[in-house]
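A short worksheet on the structure shown next.
The chains carry the letters A, B, C, D and E, assigned in the order they are written, with residues numbered from 1 in each.
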Amino acid sequence: MANEILTVDGLKAYYQMNYYGVQREVRAVDDITMSIKRNEVYGIAGESSSGKTSFIKVLAAAMRPPFRVVAGSVKYDFKGHPIDVATASDKQIEAVRWKHLSYIMQGSMSVLNPVRRIGKTFEDFAAKPLGLSGDAFKQRVIGHLDRLKLSPDVLRAYPHELSGGMRQRVTIGLATVCHPEFIIADEPTTALDVVVQKEVLSLIRDIQKEMGASVVFVTHDMSVHANVADRVGIIYAGRLVEEGPTREMFFAPKHPYTAHLVASLPRIGDTAQRPALEGRPPSLASPPAGCRFHPRCPLAVDKCKTEVPPMETVGKDHRTACWRWKDVEPLVAPHASHGVMV
Amino acid sequence: MHSYLWFVGKRILQLLAVIFCGVSATFLVTHLSPIDPVEQVLGRLSARSNLSPEAIASTRAALTELYGTGQPIVTQYFNFWMRLLRGDLGPSLLAFPTPSMELVARALPWTLGLLTTSTLITFIIGNLFGALAGYNPDNRFFQAFGIVAIAVQPIPYYVVAFILLVIFGFLWPVLPISGGFAMDVRPGLTLTYIGSILQHSILPALSLVLVGFGGWFLGMRALVSNIVNDDYVTYAELGGVSRRTIVDAYVIRNAMVPQLTALAMALGGVFSGTVITEQVFNYPGIGSLLIDGVNYGDYSLVLAVSTVSITAVALAIFIVDLLHPLLDPRVRTE
Amino acid sequence: MDRRSFMMGTAVSALLLASKGLAFAQEAEGVAPDLAQFPRNETVIVHNPEGIIRNPGWFNPWVVGAGNGTSNGLHQLTTDTLWLIDPDAGVAGASENAIYNSLADDLWQYNEDFTEMTVKLKQGITWSDGVDFTADDVVYTVEKQKATPGTPFNGAFTAQVASVEATDPYTVHFKLNASNSRFHTLFSVRWTGAWIMPKHVFEKVEDILSFDNNPPVSLGPYTLHSFDPNGTWYIWEKRADWEKTALGMVGEPKPRFIIYRNNMSPDNRLIEMRNGNLDMVHDLTPEATFSVVAQDPQIKGWFPGFPYAHPDPTLVMAIFNHQNPKFQDKRVRWALTLMLDARAMSMASYRGAATLSAISVPPTGTHPRDYHGPLQEFLTNYEIDTGTSKVKPYDPDIGLQIAEMVRPQFGEAVPSDETAIRNAFGYGWWKQNIPAAEELLTAAGFTKNGNQWMQPDGQPFTFSVMVPTDGVVNRLGSIIAQTWAQNGVQAEVEAASDTWDRQRVGNYEVNIAWAVETWGGHPDLSFFLDSYHSAYVVEPGASQPDRNWMRWKDPRLDEIIEKIRGIDFNDPKGIEYGTDFVKLHLEEMPNIPIMAYNVFSLQSTRYWTGWPNAENNYANPVTNWSNGRYIFTQITPAAGA
Amino acid sequence: MSTLLDINNVSKQFTMGGLLSRKLVNAVEGASFSLSVEKPEIFTIIGESGSGKTTLARMILGLELPSNGTISFRGKTVSAKVSRAERLEFMANVQPVFQNPFEAFNPLKRIDRYLESTARRFLKLRDRSELDRAMDGALQKVGLSLAEVKGRYPHEMSGGQLQRAAIARALIPSPPLLIADEPVSMVDASLRMSIVNLLKSLRDDLKVSVIYITHDLATAYYISNRIIIMQRGRIVEMGDARTVLDNPEHPYSRLLKASVLSTEDAGDGKLATDREMVSRANGLVGVAGRLVDRPDGRSVRVYEGAS
Amino acid sequence: MFAVFRDLIRYNLEFTIGLILVGFVVIFAALSFFSPVDPTLIYMTIPDQPPSGQYWFGTNSRGQDLFWQLSAAFKNSLIFGITVAVLSRIISIAVGLLSGYAGGWVDRVLMFINDIFVAVPIFPILVLFYFVLRNSLDSFTLALIMACFGWPFDARLIRSVALGLKHREFTRHAVFAGMSTSKVLLEEHLPYVMPIVFATFMNNMLWSIGLEVTMAVLGFTNLNNPTIGTVLYWANSHSAMMVGVWWWILIPVVLIVITFIGLFLLAMSMNEYIDPRSRLRRMGA
């Protein structure tokens, strides 16, 4: 069995729309090749409308017209169930859902049926893949909830009766109760307060460790990636521009965009003027030629405007797509904090 | 529980206010009527018999005293509320001296029965089909069904009732077309009697169902086609939840919340359909009573029917509202 | 309990409760029938036009406005009074001059100056509970109603009767307050009248005004079998001792059961008759009649062919409000008359099935013999002076023309014999004569501005024509208003559901209704004419006593009325005075007589035969008239039914 | 030194539920602080959701009335229940900047419409060229120009431009005070710094005071002069931003700081939270305590009898 | 505006069909302005003629050419329906937007009144008005009364949208840009409730025309004024169906169905078009 659980190859997935004669093709995912290892947390970062959400929709096999895969493959190597979700039938996908592949959707309030008790929702999702029913199922769920520090009482509650943090833990519970091999988590902590956010993140991390699952973790917040991900991939304008081990990404980025993202993080104890990246991400309907980052890139040269940089391996598990990666300077040094922790 | 009590309390207050306002408006509107009930009765009396002028004068005096129409309107209004609280709206002119309330009480069960059954059937079938059509937007059967629903919806009650009358009374006379039950049936709690009532209610109810159905169907279809795009439905689909459960517990259950509100709001409207239906099928309900009352200038009766129908509709809305927290847990802890 | 089962349970129990409530409501009211079947060869089913009976358990007709059914069999089958007068010829041998001696053994006997009346009663009549009918019942009826305001004849008896006594068990003697040669008409039923009360029942009742008299003790050959607590049907059953009733003495009523059904919409009537669930229908639209008699050969009308309808002894007219200054000049009234087109009116209202009358007497019953025939010559020579010229407006052959107009559509069904045509279509009417009408208006000071007539004061001549919301009278009024409008008079039709109330208080300009109504089978005109006396005309806005809706006042009219009051009911001079009235009416034209109010009463011969019709005109077939009782003695089950 | 804004012992209570289950929620309790005219500063209010920071902001803007205490701006009590003229005059002095730049303008309307309305209302300008000049001037202050904005719809501009345009609109009447309610919580990292830097330059270059409401300690540290930390309606710690954040004293302040995800040891996955720290911070909720001044200039809420 | 039309016709089949159907009926109704006969006159032609080359829609038992009769009836009924719909839309927009935006006691009072109007069944009220006004109850008065009862449900829908809009940040921006409340409501919020207004406009027309038919069939309106209801009334009073004059009922019913299918399709497709979300997509957001 190969070490990669997911292999994405040359994936292109577009929104193809027609509004009263206005033809639009939004290239939300444009030629992404990457892979994810077993027992790995892979963070995907990018600005809003960079295509990161579209990308994980494909990973989760949640495409709906007008969004469709145009080219490439998305191959999972589940135990006994190898599958390419880009081409698989609904029935085949049905067979791996929740048992092998689960999904934590953005917005804990809206993903739970507001008129159904949490316990019922667990039954709906997990009873069949687990092959359990009645008390055995209930015991299993209660046991799992206990791991998430949730009391069995939540099973009788309705979503609106729970706090945001609890709801988020419930959705994590829901996604992990069947011990899937692969979990896709889309901004699971975005709306949470800092204290709760930290708790939830640590929970996800712990559960992942315990189950040995692979997790794709999507957020625009680099500081979350810093603490959760083993590897981080940066998506810009529908393309993967750099991926690498977390520490390297923060302290030795090989793409100017990554360097900027890291640099723009303010830190307590540091009041030095921080640069802001001007401009806006390009429209996915009409991206610029060449390197898509070139209009905002301080290092851009003429070549960047015409030729698309290829993905180059620049270190162990570290790849980047930049003509001038060698000139990228880390903007932040890994030094100790000024603050004194009490 | 506390909040549910508060919810009920608020609804009761609202119910009382609605009844008070509606009934007062009814009183005002009717008492501004130029129709003099005394002259109405005299007119009917003498239309077919040979009365002398003296006789007419003395009868008029007697009737004026009896109906209390000589008093100022404020006194009449006050007396009206006093009487209403005792459940007595005075004698009907149309069926003097029977209390108008008695006439209403006799007619009301028929209308209520007809409305309750037809509304329930309409609501359930319309919503079920609407939900399935909304969840399967590409299904040809439901698409065709939608077109039929849109086409039937604007046909006036009268025409639908009448077509049913012609089909099932004339071309293929298999169903009774008039009355509440058959002449050779003994009223009572017997199967024959209830069977006869049901048999006689098929056509009137069917006419209401046919017309009312489309609205629920279309409303539900629109609601469902929105709900299927909601995150929790998408998520359930991604979670491999069975289709049946999704339609049932995710889609329909959530769509029922606004549909229930719509039901409460629609209750006042179905009344107009029963009036026509009762006329066409000679059904002894409250709608034809109202029409008779209007044509006879019987304002006691018109008041009684309006008062009772306003109260009944308000009560029905109240009951539907009480069901709300059962359907929507969010209301319970509001 | 989870929510789903709770909701289902609630729904089911609500349904159960509703049906249970319904069942109990009925149980409390209902009278359980003994039989489950009513064999059609023993049962007649009659349509009653009264609509749903809102007080179905009420059988006391001696209370004003009780809202109970009257024509549901109650006044056809259970009540009786001294005489009945048929609007048609009456059963031969049992009536004379259409007058039946019912409870009375003979006609009324007045003293010289009509201040006292003596009545001999039949012997051997019993109430349905076995008690003998006697003079005491009649005396009780008069005295009790005299003493009880709220009874229908309280006013009449108080005003007219000084005293009443039973001189022996079968003789009643009335002393009147004033001379009155028509006092007996209170006890003479043409449609309804002073029904005799069962003294032995009512004297035990403390307050007869709140007594429902359920079940009614019957003086007729039928008793109540059962009725719908919702007021849509009544079933009556023949008494075992039916021969001990006044009707039984005329002949045996054949049906064992008579069912009256109420609240039948016209389409329901048609369907139920076609389906064999109705034997007698009160009225249909002209169109429905033509279609049903064409489809079902067993269904018959009054006339064997066109126009089928039975002419009521009522006369539909265009009634001018004489208290309105617009209509106070008889030249204007005549001008409006001459603008009308009889053929258009006949076609629009009845599709040609109208029986026209140019004079103020309905062309029905025995009236053509007494009035229309004898007056033909007078009418043909009748001349009016328009101020410019003299015209003879009468057209005696207009009925023949209408018959020719409808013949292409109805063919054989239209009679070809001239007398038959005159009886069916009328004896003639006024020719439409626009020039004469214009001359009359000009003479009255009107001027024409374009196509619009202006009144003498310079205002346009405009008024509304009030009609009921439905039926032939509505159609008639529409065409009348339209014809006037086309000739420069701005008449607008106004359909109202309260025409009866408005005409009573004079709240109209021109009204289409009947202001003339007669006994039908008897030439006496007092039935309506007495109320035309100027003494009864009231101020605008006040309630006008019956029939003189136009509030017409004329000393010559009063004189005729007083002359009639001074002679006996059967005095041949009555026709002479009646003719005087017709001529006075022609001169003044206070309202425009148009046509009889024809009613499309139909009978099915599927189960019963022997119905009255134009050839065998022994009774009025209109189902809600009390006189209809005689029909049940004349019909027989159809062979094979 | 004259006072620009004075918050004096302000409390706000909300009624939750109805008559039968009436529950009073103290959104803000006894908040006091003031800003001076002479010294423009960025004054930061920090707290998590439910801490009352947004309620406080709404009261300052006059969108809510305090249940107790007074808020006065230049000596005048702030309230929405005044004449339209007075209200307009207040708005000319205090303007808001909101959370989501993509929501700042009606997506169906052109952006300049808001700028123009502001100029017309508060500067009483009628003339086309004067209006344009005022709008352009304000846009220049935030690094934009009227030419870039005029006739454009919100979706035609980037988040940063939108947020700048929103701030430019607020700057048109030259208000001495801006209320910025979580202006960066909904934006991407690359945009965040440009907004924060802009706020900083407003203070430094235009001498505008800003009340900056946020839950992000890092940006607060980066730009604030003074901060207050709020927990469940109460101010628990207040003082110079650096002093407080470098070395927080109140247990809740410490918890907040400890919960900030550090990037300094990126990739190490250190996420454990000190349980005891959490319970200490939460244990103080609902206890009144009182604010005590410390020698280093900060005030901290202390609780007699509680450890 | 023209471009909008062109786009809709070109790219939206539903809109095109709806436009054809409604256009057909509207043109048919508008023909009544050129009617050679006065539709209130009776016996102007041979009665009971089935549809033919001479009488396209046949003639009725009152001797009227049904083509011109129905043309006038549809004109009057459509005007009636539009009057009710426009008036009640105005009320529901005003109440809904104000209630949602103002909140507090204004909202409570308005919604309380709203709830009363919802709970009072309209039909008995209309009958009561007829009972009192009798013949003075002309179609405009009837339309006014119906408009007074036709708004509450839609006002609630609008309010729920307005509640959401109230908390959108651009609303607060508009306020702090010095815009008056009416400006905020009419210029900022109104576009967002237009889809509801459009959809309910059609429903409201259907409802009001249906009620008018009910009133007319019972004889409670001015029967001389040709409307869909009075056409059916007269057909009924002449037993049209039973005696085989089927075209007197069938043709108006087919026309009603055509009208409302057309309106439904128009409302649906227009809705999608004016929906701010799809508008934004078209604008390229």
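Here is the rule we go by: contacts are C-beta pairs under 8 Å (C-beta built on N, C-alpha and C of every residue); 3 or more make two chains touch, one makes a residue touch a chain.
Because the structure is predicted, anything quoted here is derived from the model rather than measured.
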{"item": "Chain A to chain D, fewest steps along touching chains", "value": "1"}
{"item": "Pair exhibiting more inter-chain C-beta contacts, B-C or A-B", "value": "B-C"}
{"item": "Centre-of-Cα separation between chain E and chain A, whole angstrom", "value": "51"}
{"item": "Distance from the mean Cα position of chain E to that of chain C, given in whole angstrom", "value": "45"}
{"item": "Distance from chain D to chain B - Cα centre to Cα centre, in angstrom", "value": "55"}
{"item": "Mean-CA-position distance for chain E and chain D (Å)", "value": "49"}
{"item": "Residues of chain B whose C-beta touches two or more other chains", "value": "35, 162, 166, 170, 279, 294, 297, 327"}
{"item": "Multi-partner residues of chain C (at least 2 other chains)", "value": "267, 271, 497-498"}
{"item": "Residue ranges of chain C touching chain B (in the complex, touch as defined)", "value": "3, 6-7, 10-11, 14-15, 18-27, 29-30, 32-33, 35-38, 51-52, 54-55, 58, 63-68, 149-150, 152-156, 158-160, 185-186, 191-193, 209-210, 228-233, 235, 259, 261, 263-265, 267-268, 271-272, 274-275, 497-498, 500-501, 504-505, 527, 530, 535-536, 543, 545-546"}
{"item": "Interface residues, chain B side, partner chain C - complex", "value": "35-36, 39-60, 62-63, 66, 92-98, 103, 105-107, 109-110, 112-113, 116-117, 120, 162, 165-166, 169-170, 173, 177-180, 183-189, 193-194, 197, 279-282, 284, 288-289, 292, 294-295, 297, 323, 326-327"}
{"item": "Residue ranges of chain B touching chain A (in the complex, touch as defined)", "value": "230-232, 234-236, 238-242, 245, 249-250, 253-254, 257, 327-330, 333"}
{"item": "Complex contact set, residues of chain C against chain E", "value": "266-267, 270-271, 284-285, 287-288, 290-291, 344, 347-348, 351, 469-471, 474-475, 478-479, 482, 492-498"}
{"item": "Residues of chain E defined as touching chain D within the complex", "value": "168-170, 172-174, 176-180, 187-188, 191, 276, 279-280, 283-285"}
